[in-house]
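Look at the two complexes coming up: chain A is in both, with chain B in one and chain C in the other.
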Partner chain A sequence: MDIILLGQQLLGYIPLGDIVLYLAPLNLFMFAGSLAFTTLIAISRTETQVEAGIGTLKDNEVKVNKDEFKIRRFLAIVCGLATAGAMITGDLFNFTLFVCLIGIVNIGIVSAVKQIDVLDAAFQYGLVAMIAVLPLFGGAAMILASTGSLSMLEIVNIPTNAMMIFGSLLLFLGVAGETGVAPFYATKAEMFRTPGSPFLLIIHLSSLLVIIRVIEILLIINKPF
Partner chain B sequence: MANILLNVLIAFLVGSVLFGLQRKIMARIQMRPGPPVIQHLLHTLKFFIKESSFPKTAAMPFYIAITAMLCVIWVSAVIVGPVTEGSLLLIFAIYAIHKIVEHNAGSSSGSPYGKLSCVRAVFSASAEVPLFAVLIIIYFKTGTMVISNIINFQATNGPLIYSIPLAAAMFFVLILSKAPYSPFAITKGKDIISGYETEHFGLLRGYLMMSESIAWYMLLWVFLTVFIGGLSPLWYLVGMVCLSVIVAFINATTPILSPNHSIMMQVSFAIVGIVGSLVLLLY
Partner chain C sequence: MSKLGRLWNSLATPKRIPRFYSVILGILLLAGFLVPLALNDNQLYPRPAPQLQIDEKDPLAPYDRGGVPLKEPGIVRSQYPEFSEMAGMSTSYLSPIAISVSNTTIYYGTSIYSSPGGLIDTILYYTRGFDTILESSILMMAFVVASWVALHFTMRRREEE
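Entry: the complex of A and B
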């Protein structure tokens, strides 16, 4: 195997029809990280938030009830698996699908909570995520139109043209909105006030890992040299 | 294996002593005698022999595993950095996971102080991650993401700190944000006791402190390596001491910022740094 992506020696790839998974050290590290955290989420209890009561000397305990726990844990595991998939896919379209799935389940994880502020934040994040779908898929489509391929292993050998740069910008906008990173973080941070630490972890994990992956993808598409 | 163990041990010891040095310098500036330079190291070792207790409100086993995870990722950083001189992008990924662990170490205990630290960690990620994106500028300049190739590039073309100074300044702001008592240390501000560490006792606190020392060493190592070049161990030590002294001066003379001000200031640095560096690269 003599394919080098951003200085990383490709250790191998798994062709599953049009789903090509590629194995490079960075991708494997992030894939393993996502799976490790997903396993941890699957086996963990949630914490109990203890807050001082107003007008009384007693404490308020905020817990996650059983029904809420089940659905949020299921969605968190789906999010973890989607993140793991986004880390090692070598196909741009599959990457956008995984990112889209991450956006949907992120909203689901917090929308099961019965706290008005948190639901407001989830609603606003949902709007941003829905709007971001257009540039996300539009960017991937433009890159396909200008290169004739969605495979990163093919695109790495195609010289960059103006349409690929424009497609990349759209792709980045789509991922930023879908994962709720800056400048959309202010909305998303409010969602973290709810109890359910293991489930909230996956929201943060998926955002940051997808951002690193998209940087890798953008550098593969836009070769400055 | 011996090489990895040796490097991890060096990272832990040097990082701990540099933290101690920082506290000493800060104390002297503030006209206090301050603790001994090895205080942070002693403090860390002390926690390993203290009794461990766990809050009954904690999310088990998540609460315990998250501290072990912090240790594992920074040991991985030592392997990617000083041991193998691997990919900068991988160090970027490790830093991102560090942010996640910092966030969840706080929220998993159930303590309101930990929870506030967790929300602040999410906010601060929006400012720190763009600062870490300085590594992309290094890629544009050198054409490589591999640390050994960046060292070779600098051996031929001179240190990067001269050609992309704004990127170096941005990375320094990132280092500053990870220092205790810094104006940007909002996740561990004293208004929220010890932030995400508030409910971690005994062995778990020992692991957290050990990871912080390794993280500090690694951030300084990355700065020196990618902006100045491959140095001898003695010059690495001199460089790390110099950076820690500068950070101590800043920390001793500036108050901790409010979370919003901290984020706005870091984002401003990031915008100026990224745009300025790109302009410098074009000319």
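Entry: the complex of A and C
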């Protein structure tokens, strides 16, 4: 195995038919980071928010009950595993599916809360995530149509044309919608205003890692250097 | 300057985000009409021309990929043939029911029988099987979320009131 991808020597690969997961140093580091954070989340408990009462000395505790705790922990673990998978996958369509799974699970993590404004924000985020599926898969399909391949180890050897650039723009817009980065951050920022801290953080971590990964993929497709 | 500030403030309203996103997507898709098409003929998953098999009155049209089960591979070209050596070996497999149906009608390929058990798709279940696993897990997560909300919010609403 003597393939160099963006200046990284590949350490190995995991073949699953046509879908080849590749192990490069940066990707392995992000994979391990995501898995370590998922383990931390799986063994931790939720925070309790304390609301100070005005005019009295009583404090109001906002707790997460057990049913809610269980479903959130399950969905947070799935989200962490999907993020870890998206870090090392070497196939474009596989990557878009992982991003889609992260989007669905993110809605699920906040769907269990009782604050109405948080649920409203989650609903709007769900709408954006559903619209974002169109550019996400459309971009991947356009890159497939103009290169004839979905494997990044093959695409890196194919010269870039205008249609691939357009496809990767669509792909980026799709990922931006699914992960809720600027300027579409407002829905996600509202979603954090709820108790249950460690599980909510995985929403944040997954979008950060996916953005780093999509930048790497865009560099592989467009080859600017 | 104050106009720019007002613009940023309007972006902080969650309700406007789907509309804003759709506008950007619409502009990008309209710009896509200007992009010259550069299609690659050497595609990874080849198929015969759509109307070719229908004109030949092939009962499996448009999904006939040829081959003999377990003996001769059909027309499936995979990216890495060394990782999927048996690709195409099962594309022409038909269950006994499927054979009897395909003998009676020429529209078998477009009927409900052409799902697994009839024409098994090597691409879906073998060369790109991991994608199929992910797709069904996306569906499963959607059902988990929906059923949790239904069980704990919709059904318990009366108890809490």
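Going forward, the second predicted complex is superposed on the first by the 223 of 225 C-alpha atoms of A that agree within 3 Å, B and C clash if a C-alpha of one lies under 4 Å from a C-alpha of the other, contacts with A are read in each partner's own complex, and residues count from 1 in each chain.
Rule of thumb we're sticking to: a contact is a pair of C-beta atoms (placed from the backbone, for glycine too) under 8 Å apart; a residue touches a chain by one contact, two chains touch by 3 or more.
If you're wondering where the values come from, they're calculated on a predicted model, not measured in any experiment.
K.L.:
Classify the contacts of A:Gly139 with the two partner chains as first (chain B alone), second (chain C alone), both, or neither.
P.N.:
neither
K.L.:
Could you figure out whether chain B or chain C reaches more residues of chain A?
P.N.:
Counting contacted residues of chain A, the larger count belongs to C.
K.L.:
Check the residue A:Gly108 against both partner chains and state whether it touches chain B (first), chain C (second), both, or neither.
P.N.:
second
K.L.:
First (chain B), second (chain C), both or neither: which does A:Cys100 touch?
P.N.:
second
K.L.:
Quick one: classify A:Gly90 as touching chain B (first), chain C (second), both or neither.
P.N.:
Neither: A:Gly90 stays clear of chain B and chain C.
K.L.:
Based on the superposed arrangement, let me know which partner A:Thr147 touches: chain B (first), chain C (second), both, or neither?
P.N.:
The second partner, chain C, only.
K.L.:
Could you tell me if A:Asp67 is touching chain B, chain C, both of them or neither one (first, second, both, neither)?
P.N.:
Touch status of A:Asp67: second partner only.
K.L.:
Considering only touches as defined above, state whether A:Pro15 meets chain B (first), chain C (second), both or neither.
P.N.:
second
K.L.:
Which chain A residues contact chain B in one complex and chain C in the other?
P.N.:
Residues 183, 186, 189 of chain A touch both chain B and chain C.
K.L.:
Going by the contact rule at the top, pick out the chain A residues touching chain B in the complex.
P.N.:
Within the complex, chain A touches chain B at residues 6-8, 25-26, 29-30, 33, 36-37, 40-41, 43-52, 61, 181-183, 185-186, 188-189, 192-193, 195, 197-198, 200-201, 204-205, 208-209, 211-212, 215-216, 219, 224-225.
K.L.:
Give the list of chain B residues in touch with chain A in this complex.
P.N.:
Spelled out, the residues of chain B in touch with chain A are 57-63, 65-66, 69, 76, 86-87, 89-90, 92-94, 96-97, 99-100, 103-104, 107-112, 115, 118-119, 122-123, 125-127, 129-130, 133, 136, 139-140, 143-146, 149, 267.
K.L.:
Please name which positions on chain C make contact with chain A in the complex.
P.N.:
Within the complex, chain C touches chain A at residues 11-18, 20-22, 24-25, 28, 31-32, 35-44, 78-80, 83-84, 126-131, 134-135, 137-138, 141-142, 144-145, 148-149, 152.
K.L.:
In the complex of these two chains, what residues of chain A are touching chain C?
P.N.:
Checking each residue of chain A against chain C gives 15-20, 67-68, 71, 74-75, 78, 91, 93-94, 97-98, 100-101, 104-105, 107-108, 111-112, 120-121, 124-125, 127-128, 131-132, 134-135, 144-151, 154, 161-166, 169-170, 173, 177, 183-184, 186-187, 189-190.
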